[in-house]
Every structure is written in structure tokens, then in C-alpha cells.
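Below are structures written as C-alpha cells.
Both complexes shown next keep chain A, but they swap its partner, so chain B is in the first and chain C is in the second.
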Partner chain A sequence: MSVAILSARGVTKKFGGLAAVADVTFDLHEGEILGLIGPNGSGKTTLVNVVTGALPATGGEVRFADRPLTGLPWHEVGRLGVSRTFQVVKPFRNLSVVENVMVGALFGARGGARDLRTARRQAEEVLAFVALDHRADAPAEGLNVPERKRMELARALAMRPRVLMLDEVMAGLNPAEIDAAVELIKRIRDRGITLLVIEHVMKAIRNLSDRILVLFHGQTLTEGAPGDVLNDERVVAAYLGRRYAEAARA
Partner chain B sequence: MTTRPAPRRFATIAAAVVGIVLLGAAPGVLSPFMVQFVINLFMLAILAESWNIIGGFTGYASFGNVAFFGIGAYTTGVLMTKVGWPLAAALAAAGVVPMLFAALVGLPILRLKGHYFAIATLGVAETMREVVYNLEITGAGTGLVMPIARTPALFFYLMLGILIAVTLVNVWLAHSRFGYGLVAIREDEDAAAAMGIDTARYKTIAFALSGAFAGLTGGVFAYWITFIDPDAVFRVIVTIQMIIMAVFGGAGTVVGPLLGALVLASVSEILSTHLVALAELFNGVIVILVVLFMPKGLLEVVRAGRSSLRVMARNLREYRV
Partner chain C sequence: MLEVRQLSAGYGAMQILRDVTLSVPAGEIVTLVGSNGAGKSTLLNTVCGIIKPVGGRVLLDGTDITGRASEAIVALGITQVPEGRRLFPTMTVRDNLILGAYRRRDAKAIAHDLAWVYELFPILEERQRQAAGSMSGGEQQMCAIGRGLMARPRLLILDELSLGLAPIMLDTLVDALTKVHHEGMTIFLVEQDVATAFDLATTGYVLENGRVVLSGPTSELRADSHVKKAYLGL
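Let's look at the complex of A and B:
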């Protein structure tokens, strides 16, 4: 595996006395898809929030392409080339789909569009890539759930990121839509974008990930190849309870 | 926020130029009463358009923009009467001082959102009134008497000039990267920040721009009306008027606040000459009608043309008041 494009060392986030993320260390290698899983409340979204600067870290350090990210304001992280989607999508409701994506093109990584005409062209390209171009001029509030997820993805892609963090983009999708999303994410990787994917859909995460990182109570439970991690007894126990794991072994 | 086809854009520009030329000739043609009415109309339109920058595009409903108007009025007043500055210099200061003031108070209060921001701005305006009440240099409670200028045409052209400038700023916002940044902040501030927008800087600039134009108008107002006191230039109702005009016409659009100012100022003028009792009720009735039938403003309904009734019915259903 190649060099780490993004590395987190001992990242900790405390809310009052509660450590939502405690001493988490991981590397994101250039060109890979890292799956991030864990039961509800295990700190996955908080980890992404801290890494992308949405929340200040309580401790630890994050580096991206050999520059420190820790302590940078939120928008700076996006401009350096780390984009993310939100678990609960945050569309600009009163704008059209293409205008939503234009904002990403206008303000994303340096070297992006600075005028509206270029931004619109780039936004239309990205919309075609995520197969949402037929809805380009629709108002964003009129989209259904899978379309909203795609628009969220398109906005992040329009920022021309080097690293993209996807927070449960498959939640609420049906099996056919999940298959389409998996294919789309693979095509994003083929564009040279490194991905961190938070997901609860196990079939998708097994299919997609080069490696999987498991969080439990804010700490790293284990990390490794999908086959090993998903059959790990501790992971099964974390998701389904110890007794289920013991029954499965017996 | 859409890019228009070239012929329509040309038609818009041509109409604007013709309109401005006609307006330019107006002071020589209109009756003195009408000239005063139009100056007042311009002032209201400037205030609505300047509020639109922070309240309409950026989505931060300021209830204290009259503070900038008042500071602009007093900047002009103090500089002309106590320091002896000429009008031009005093007016320039009436734009710059409120702009800096807006940037300064904006830094802390623009961190607040929704109702909290509204209350904080209201507090700023009321505080400024009290401060001016208690300062020697502003004439305290007695106010300032300005030199009298018997040239209505001067005020007409000054207000018209500022109105054109603030409208152009709004046009720029509707068609620029900066404007898209403000709208993104209005729609979802977290998503805006995640997408690379320096939200704190953008909001502060929007607030300062808004303050500059409100202040400039206040400066002209002071010289026009020749007498200012704290209650005259820091009235909460002035902010409320800005908001009602902008929202009534269509907040976050270029034409909406202009339309709102034109319709509301005209109706209110007619009512106050013919039906004084109703004039008092007017603003309240407008608020209720807007909330019920056209929460996105008169412009949306006008643009719908023949289907305007259907748009209003849909609004009533959708917002289910």
C-alpha cells in the first residue's frame, strides 16, 4: 500500500466528561476506500466532524498531505481538498440542483471555478457523473431521498476533493439503489479520489472497502481486511451483543 | 439566481436606463409635494435594498438596521454642525462609520442565529439611541439642527444615486460568487462552511455593506430633514418598515424590495391622506396577508402572471397557517 494521504494520531473528542472519540489513530492511503463501521453512537460521525474541522479536537493530531489539519477553520479543510457529505443531508432547499452543485465548484479546492459560467459547466459535468443531470434545474426541495443523496455527493465532488468522506450515503436506499451507489463510489475511486465510507449496509461495505476500521464506544476496536474484520468475534459482539457472538461460535 | 438569456438581460438593462433618465428629469416636472414623496420613496427603497443584503440574501434577519441609519445621520450632523465639514465629506463619513460599526458589532453577534440574532440587533439599535441621548457632542436629547438647504433636487439626486448604487450591489450579489456564498449561508450554514465558504467573513462583509448603505441614506436624511434627534433616527419602526417592504416584495431578490417599497409607500401615502384610521392598521394587515398568501413575496405572485391566484392558493395550503 502506498503513502498515507491523511493520517490521524490519537484523535480525541470529549463532550463534557464523555469521550465520544478516544485516542483514535488511523491512516488513509492514497487511492483506497476505507470503511468506517461501528454500532450507533460509537463515534463515527464525530470522528469525521473532528477530522474535517467541523468540531475542534480535544486532543490528537490530523495531517493531510503533510500539512496539519488540526486547528484549521472548517472552510479551510474543504479548500485544501477534504470534502464530506452529511448523514442528514443538508441541501440548499431554495436553490436548484445545479445551483447547489455550483456552490461546491465555486468554493471547493483551490483551482476550482471562480466565475458562475465555469462553475455551471463543472456542476453539469458532475451531475452527469452521478446520473442526476436530468434533474439539474429542479428545485432541490423537490428531490426524493436517493436523489438528495446523489446531490449531496455531487456537491462534495464538485469541490474537486482529494479525500472524500461519505457519512451513510446509502441509508434509506433500497437494494437496487444501494447497488447503484456502490458502483458510483467505485467510479469515484477510479477518478483518483481517496474515500472514507461510513456505512451500516454490511454487504455494501464488504464489497467496497479495501480496509475496514471499527469503532466501539469511541475507540478503535480493530482494523484490517473486510473478510477478517467482519468475521471478528469482537465486531460481531459489538454489533449484536456478546451472547449472539457466543451462540454463533457454538 | 439564474443566468438569463441575453435578449432578456438586454431588455432589463434598457428598461433600467430609460427609467433612470425619466427619473432624472422628474424634479423639474413634478409638484413640490410629489418631489418630497419620491425622495421619501427612494429612501425607503434604499433601506429595503440594504436590509436585503443581510436579511434577504444572507438570511440574517436584522431588527437593528436603523442603528446604521441613525449613526449615518448623526455622523453627518456632527461633522457638519460641530466640525464644519462640507456635505460631500460628511456624507462619505456617513457611509464609512456605520460600515465599520457594522463590521465591529457583526463579529460577535453574527455568531448568533435566528431569534437570538434578531434580538441582539434590536438591542444594538436601542443601545445606540440611549448612547446618543447621553452624549454632549450629539446634542443629547435636544438633537441637532442642520443648516437648511432649499434644494429639493439635490436630495432627489443624492437619494437616486444611492438607490442605483445599492440596487447594483444587489444585482451583483444575484450574479456573483460572493452572492452564491451568502445564499448558501442562508440556506444551510454548516453545509456552506463544509463546502469551503468562510462564513464568518462573508456574513461580516454582508452586514457591513448593508450598514454602509443604510448609513449613507441616514446622512442624506439628516441634511434633508434639517433636524435630527435620537427618537427620530433610531426608531424601531424604521427597521420594521425595511423588513416589511423587503419581505412583502420578495426578500433575496433584486426587484422585490424595490417593488415592496413602491407599493407600500404609495398605499400608505394614499391612506394617510384619505383614510387616516386605516393607515395605522395598514402595516399589520400587510404582515398577515404576506404570511398567508405570499411568504416568498409579491414578486413570486407577479411573476406567475395569470396563474397568480393559483400560486397564492398553493402558498396558503403549503404553509397551512
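Let's look at the complex of A and C:
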């Protein structure tokens, strides 16, 4: 029986009268990659925002390594070892790539860098891991789409997380770039980091996920092994669509 | 309708496009595929007058529009749905959509088109009074495409149509674009989701390092071994 490193129980987030996330319960098992899929607007990013403390929950509870996470300020969540990437990457424009990643190293999990020299060394290591070290001193603004995503990933990794949540890191990548990103994420998992991956790129979800959680209108539709979930006719009807089903049959 | 002849362009000292020639015949759907950094957005920016080329020409229906201001190019009937949405985030969804039609004067047809966009994307109707920037990424993408459709352009250019969209939404879009295409709209699609691009377009161009390396009917490109390996991931 695998250990749940992070547990969400009845998580609800309302904006005015609208429940963006309604009563979502799930466990994230240590060492796994959990895929999170669902139609646009189904609450995936909002769920990650609430779990990581970027937004306060309206209801429910999140626990991480058996301590309460709900209600903690965002930066405390990072210090405990939970980090995430953002869909729209907004680097510090006046800083270089390595300096952006150093921010992650300096404000990450407890025990991390507290001086600039250590932070730089750690940032350089992470940049080498994501194969972006050749751009370390480039201005962050000058990166192309795949590079920007790798920098964002590096920034989150430099925080030395135990749990890393990725929000659509594959968007805008072509199939060859997706393959490379999938390999990179697997290597992150091999380093002992537990992952939650939000994606619409089904090729990546299929290749990465140990389990998949499906949201629909803010609620859990289903959860389980990829083979079961991706063939579930409710998931096909709500999310995957006809062309996916045809291609899958081909 | 749109012809690009030996176009070279870039940003300052950095040359991105080298000698690019392609054409989008009236009434067709043409796609341009290529990796990130290959120059696809640079090409669109040059066609739409956002940057000026250093060489070559852009022609619309035989008229040279090279280097003309963007507003003049829009007035000629070209609309671009840019990569990354670029909605007006504090304006309502409805206002963003209506703004797409700002050059049009046919009020009844505009109302009809708005109803059609809401039919395509019911969530936009649901959220019509919400600030566009408060929606999810995928919902914003739908709004950006809806705004482009509201212009009813002669030539609709879509840059990364599929970005952040659920697979089922792509079905809706493929159907919608096929429909407007049958009604006479010419479409130029720049796209990373090569499978979707080839489903929609009859002709394709492959851009690598700023040059067109391959072109032809998408039925043939689909089977090309280089395309399969590099872009279809097969």
C-alpha cells in the first residue's frame, strides 16, 4: 500500500456563488505521477492553486506529509516542499535565466540555499539537469517557448520540492519537443519527486501517468489507471472527443 | 489570395526568415508547421505589418502590401488570432467578442455571428459578463478564436489554435473552421498540433530555421518520413 504524501479531502473553492472546485477528494501517493485532466474550465488550475495555497480554500482540507497544508501562506507551502509551475510563465524580466532559477533556490524548501553563491551553484546544477545551462546568462526575456518552459521547470525544481505540480508544461510544444519533455519529467520522478501533471496533451498524459484524475465542472468525474480512465465513455464524451476516440481505435 | 515571395525578416540584427515563399489560395485552408523558433510567428508578424521585412514581398490578391501598417492590412480583410490569446483582460467576454467585429457595419449579421460563436463555445455565453482575464487558459483561447471569427475576415490567420485546448474542443474547432471555410473563408493556420493541422488543411508548408523545407498536399506530407519523425512523433 503506497503512502499518501499529499491528501485532499472535500476541497471546495467558490468565487462568489460559483463553485470552481466542488468537494474534490484525492490522494497523491509518494513517488507517483498523477495526471490531472478535464475540460477547459473544469477547475484543474484552481485545484492546484488551492492545494498550494495560492488561493484560500472555501472548504475542505489538504494535508502534506501528515501535517495540515490548508490555511498556510503560499511561501510556507514552498518551504515545506511543495512547488508548482504556472501556465503563463512570467519570469523576472530584468534578470538572467540563472538568476530567475536562483530565486527558486533561495525561496524553496527548508535547508536550501540562503546565500547567493550556493543559490547560483544549485541553480546551475538544475539548469544542467533541464539542459538549459547553455542559456544560463541569457536574459530571461529572450528565451523561446520550449526554453521558457524549461526555465520555469528549473525554477520550480530549484526549490527542492518533494511534490511538484506541473500546469500544462507541454502546451505549444511539437511532438518531438513533447517526447523530450516527457523524458525530462520521468527523470524528475526518478530523482524521488512526486508529480501531479495537468495536461491536455494526451500523448504526454498516457506516457507519464501512473493514475489519472478527471475533473468535470469542478468535481471528480473519475479516477484510476490510464487504460480505464481514457476508455471511460464519460471521459470520451466530456473531454476526449470523437477524433481522439477514432485515432485510438485506428 | 495571400502570396509571400522570398520573404526575409527578423528582429534587429537577428535574421529569422530566409527567402520564404508560400501561397494561400482563395477559399483554401493552408497550414504552416515547424518547431518553436523556426520562424512561424515572425512570418505572421511580417505578413500583418507588425514587423517590416528586409527583403521579399507580401501580396494580397495581387496587391503589394509589403511593409504596410497593420491597420491598413486589417482593413483589407485579414484578421489574425495571435498566439497567447491577447484578450483585453479587464473587459467582459462579450465585449472582447464584439470588438472582433469593430470594423463591420452589418449589425444584424454581427448579432447572428455572436449567437453562432456562443453556440460553438457555450461556456463563453455563460461567462459573457465576466472579465475575460478571469477565465481559464483554455476558455480564454476560445474567446480569442471567437473574437477572430467575429471579424468575418476574408483571410483568417490562426497562430497556435490548439494551445491549451481540451481534445474535445479541437473537434468543435475543426468542425467550426470547416464550416466557415465552406462559407468562403480562407484560412491560414500556423500550428504545433500537426495532426489537427493536417486534418484541416489541404496544403501544408514546413518551416525549419526560417526556410521552407517541404511543401505540398497535406495528404502527402502526412506520409513523408521526415515529417512523421520530426512533427508527428511517429
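The rule we apply is simple: the second predicted complex is superposed on the first by the 238 of 250 C-alpha atoms of A that agree within 3 Å, B and C clash if a C-alpha of one lies under 4 Å from a C-alpha of the other, contacts with A are read in each partner's own complex, and residues count from 1 in each chain.
Definition applied: contacts are C-beta pairs under 8 Å (C-beta built on N, C-alpha and C of every residue); 3 or more make two chains touch, one makes a residue touch a chain.
For clarity, every value in this text was computed on a predicted model and none was experimentally measured.
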In the superposed arrangement, does A:S83 touch chain B (first), chain C (second), both or neither?
first
Once the shared chain is lined up, is A:G38 touching chain B (first), chain C (second), both, or neither of them?
second
Looking at A:G10, would you say it contacts chain B, chain C, both, or neither? Reply first, second, both or neither.
neither
Tell me which partner A:G71 touches in the superposition: chain B (first), chain C (second), both or neither.
neither
Report for A:G224: first if it touches chain B alone, second if chain C alone, otherwise both or neither.
neither
Look at A:L95 in the shared chain and tell me whether it touches chain B only, chain C only, both, or neither; answer first, second, both or neither.
first
Between chain B (first) and chain C (second), which, if any, makes contact with A:P56: first, second, both or neither?
neither
Using the touch rule from the top, collect the residues of chain B that touch chain A in their complex.
1-3, 175-177, 180-181, 183-184, 187-188, 190-199, 252
In the complex, the residues of chain A that touch chain C are 38-41, 44-46, 87-88, 144-146, 168, 171-179, 200, 202-203, 238-244, 247
Can you list the residues on chain A that touch chain B in the complex?
52, 54, 73-75, 78-79, 83-84, 86, 90-96, 99, 102-104, 106-109, 114-117, 119-120, 155-156, 159
Chain A partner, complex, touching residues on chain C are 33-37, 83, 123, 135-139, 141-142, 160, 163-171, 174, 192, 194-196, 199, 229-233
